[in-house]
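Naming follows writing order (A, B, C and D), and every chain is counted from residue 1.
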């Protein structure tokens, strides 16, 4: 059974009554609860020691889910480096919504990961542009969210390895909302929706995409490549 | 259980004693035999009615494996069109070795699919360049084949969606040997090795790659996208 | 000076008064006229002998622009094969709007190239998603077209090598509107806008994109790769 | 005229007689000298104040070429951040050979950029796998270097946006030797050859590739995308 760790900053939930009402057990709690029937799930949050991401936890994590917003700068550089190394070593990573601006995602992308945004209770329609991809298994042509925060292009990311979803927003913008990347032995999926004041993570299609993404992002078992000085595999002619 | 159809031209096996000795049950037989413990496998060959690829067979095929060489021109255009449509509708396709020049692969790629080749009993070393990909699960850093036919660049294919393996040849060439493509709802994997006079399909790593590729290429269950004239989903302002 | 051939089906212009009013010299005439200050331009249309695309014309064409709609089926297979070969040999190709359904584009893509569409005088906003690309030189964040035909996802194309533009439509859809592909030695750019009843090709940003695309798609001068049987470049050890 | 800055660590040249003999004016001097007929060229080296990469120099640099090896750790984080920002803002970047391990390249890639290597005076043959790309203009099917350092896969980089060249090495390895990336408004080209003890940068095809790459990597003129909070472009229906 795949081991999933759901990491959440968990700050809005402590201070904002509106968010508490939508996510009484935290965003991590909501995400964990729909994953539990298929995966072995634990949660971790910013205010735990080592942000709940000890070396041991990471070694027992096949896929890490990341939600952060207010406190990206409070995540320690040491933990970011540790998690990044685990991704390069094969752990899957699913970055949700405002996690686009996390230190972790930025250091794996190499770009600013900046974007346009607006909180205006507007409609989002997430269109599937790659119907062959296992991440959209059992999804229809699009997912419609009555009210969401807008994220708009230009989204300053590297060109995705695979672009799976593109969002339409009522206010006139578009956004590359479902993007995959390979980094080292690890697979990364960025998925846009999930503002803290909306019940997005209770939407069955959103849940299904995240479940599919966990399956897709699971580690591939093969030996770590050997780096550094290498003996020749074939004879080399002696030259002056 | 995934349903796999192994299609083989099966001509070398009828006329060439050297090939008969290596593949007494045909290349299709050899491939089917290592897939049977994991998948529901059938075979089909060129000289069967409709090349063994009736509409019914295709409808019961999740992933089709294709080996052809001498008789690409004998495959009927009608069957090629039928198989292509099934790929666009979601059936996975694994094209092996000289299948690069099949009508089916060429029509799905849009290019000549031409390449350099040489039969000289030379060594091939297939290097993994994407260790995150499920198609190389349980493979090491490379697969070494003591004797194979050489295929060399330039290989006239579209840039692969994902490049997974690159071959080194003793005679001085390289080749993009493991390439994935998405076409419609279908996933395609091209895998280079497998000349008819060598026991390549008995090599456990080659077998493992093909098994992994079947898993990777399986159809994604979601409704076929709706094409054609579409009613608006949002109100459009009347304009002159 | 780059040699550009603008090919147009030129049928709407002969029969439809509304189109005649918008494009009195044909869509080809409109496109040719804004290219003429930078390039050596000729036009060709469906009803000319060999559709105006003789071997000689193609040999003197660096970049071909293609607009068609009503009469894709009237384009002869022989001419399509000839033009495709020139693309593989290095000629650039810019496919506009309803050219998505031309035999030429479909045979180069390997997919159905189908999509959603609607004629409802609706607003299109074409967002730039790759601001590093020379095809969007001198364009702003988006191009706005007050009235256009809608094209919506899913657009059944292979994943573009580079996705440069994504459209937002008033009626609720999105579309991958600026896509590049490499086929053989040739470069291809698909650009969505340009319904025959709208003055889209008079819009300065649309003109600028097409000019930029001509520059981008120009042939790269290097020898045609050598295909077929090849002598080894290195000594091969004799094996049994 | 494009403004090119050639940056070189310039340490081997100060201490190693063998390198001094091959590159008496430094690697930067050798590279600058073949670029000067086409571009406005300056050089900069590690031991200059701010490594020669002041804000002013960068603002007058369209394309930066980077060679480093021994002293990657001596490049200050502040200068790395400054150069990275210029790349995201549109400056082209060409990273040569051992520059794969520079802080700059690693921070733009998000991976370890590690690889196999060997100094054994062995033959390298760089095959062109994308003959449509302007970076290989006027190059043949391959570039042969009689003696070079070996770099072998796995090369821990993100999947290149475009893979243009793949190297064959006498000792049995392959390598993705010509790779492009887009980051922000900037274009990046990694080019493998150029060990300090070999006359690689005097080879006319290597020179031609670097010249072509400068042209390809030049900035695209368009306004910097606007990020942050954004007003709607369309009316949004009021919702509870």
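By our rule, contacts are C-beta pairs under 8 Å (C-beta built on N, C-alpha and C of every residue); 3 or more make two chains touch, one makes a residue touch a chain.
These numbers were taken from a predicted model, which means no experiment stands behind them.
The chains that touch both subunit A and subunit D are B, C. Across the two interfaces under comparison, B-C and B-D, the one joined by more C-beta contacts turns out to be B-C.
In this assembly, the chain whose C-alpha centre lies farthest from subunit D is B. Of all residue numbers seen at the subunit A-subunit B contact, over half occur in both copies; the interface is built from largely matching residues. Rounded to whole angstrom, the centroid-to-centroid distance between subunit B and subunit C, based on C-alpha atoms, equals 30 Å. Centroid to centroid, with C-alpha atoms defining each point, subunit B and subunit D lie 36 Å apart. Residue positions 123, 125, 128, 130-131, 141, 152-154, 159, 161-162, 170, 172-173, 182-184, 225-226, 233-234 of subunit C each touch two or more of the other chains. Considering their complex, residues 88, 107-112, 114-118, 120-123, 146-147, 150, 152-154, 156, 158-159, 161, 170-173, 181-184, 225-234, 236-239 of subunit A touch subunit D.
Considering their complex, residues 125, 127-131, 141, 152-155, 159, 162-163, 166-169, 172-174, 176 of subunit B touch subunit D. Subunit B makes touch with subunit A in their complex at residues 90, 125, 128, 130-134, 136-141, 161-162, 170, 182-187, 220-226, 233-234.
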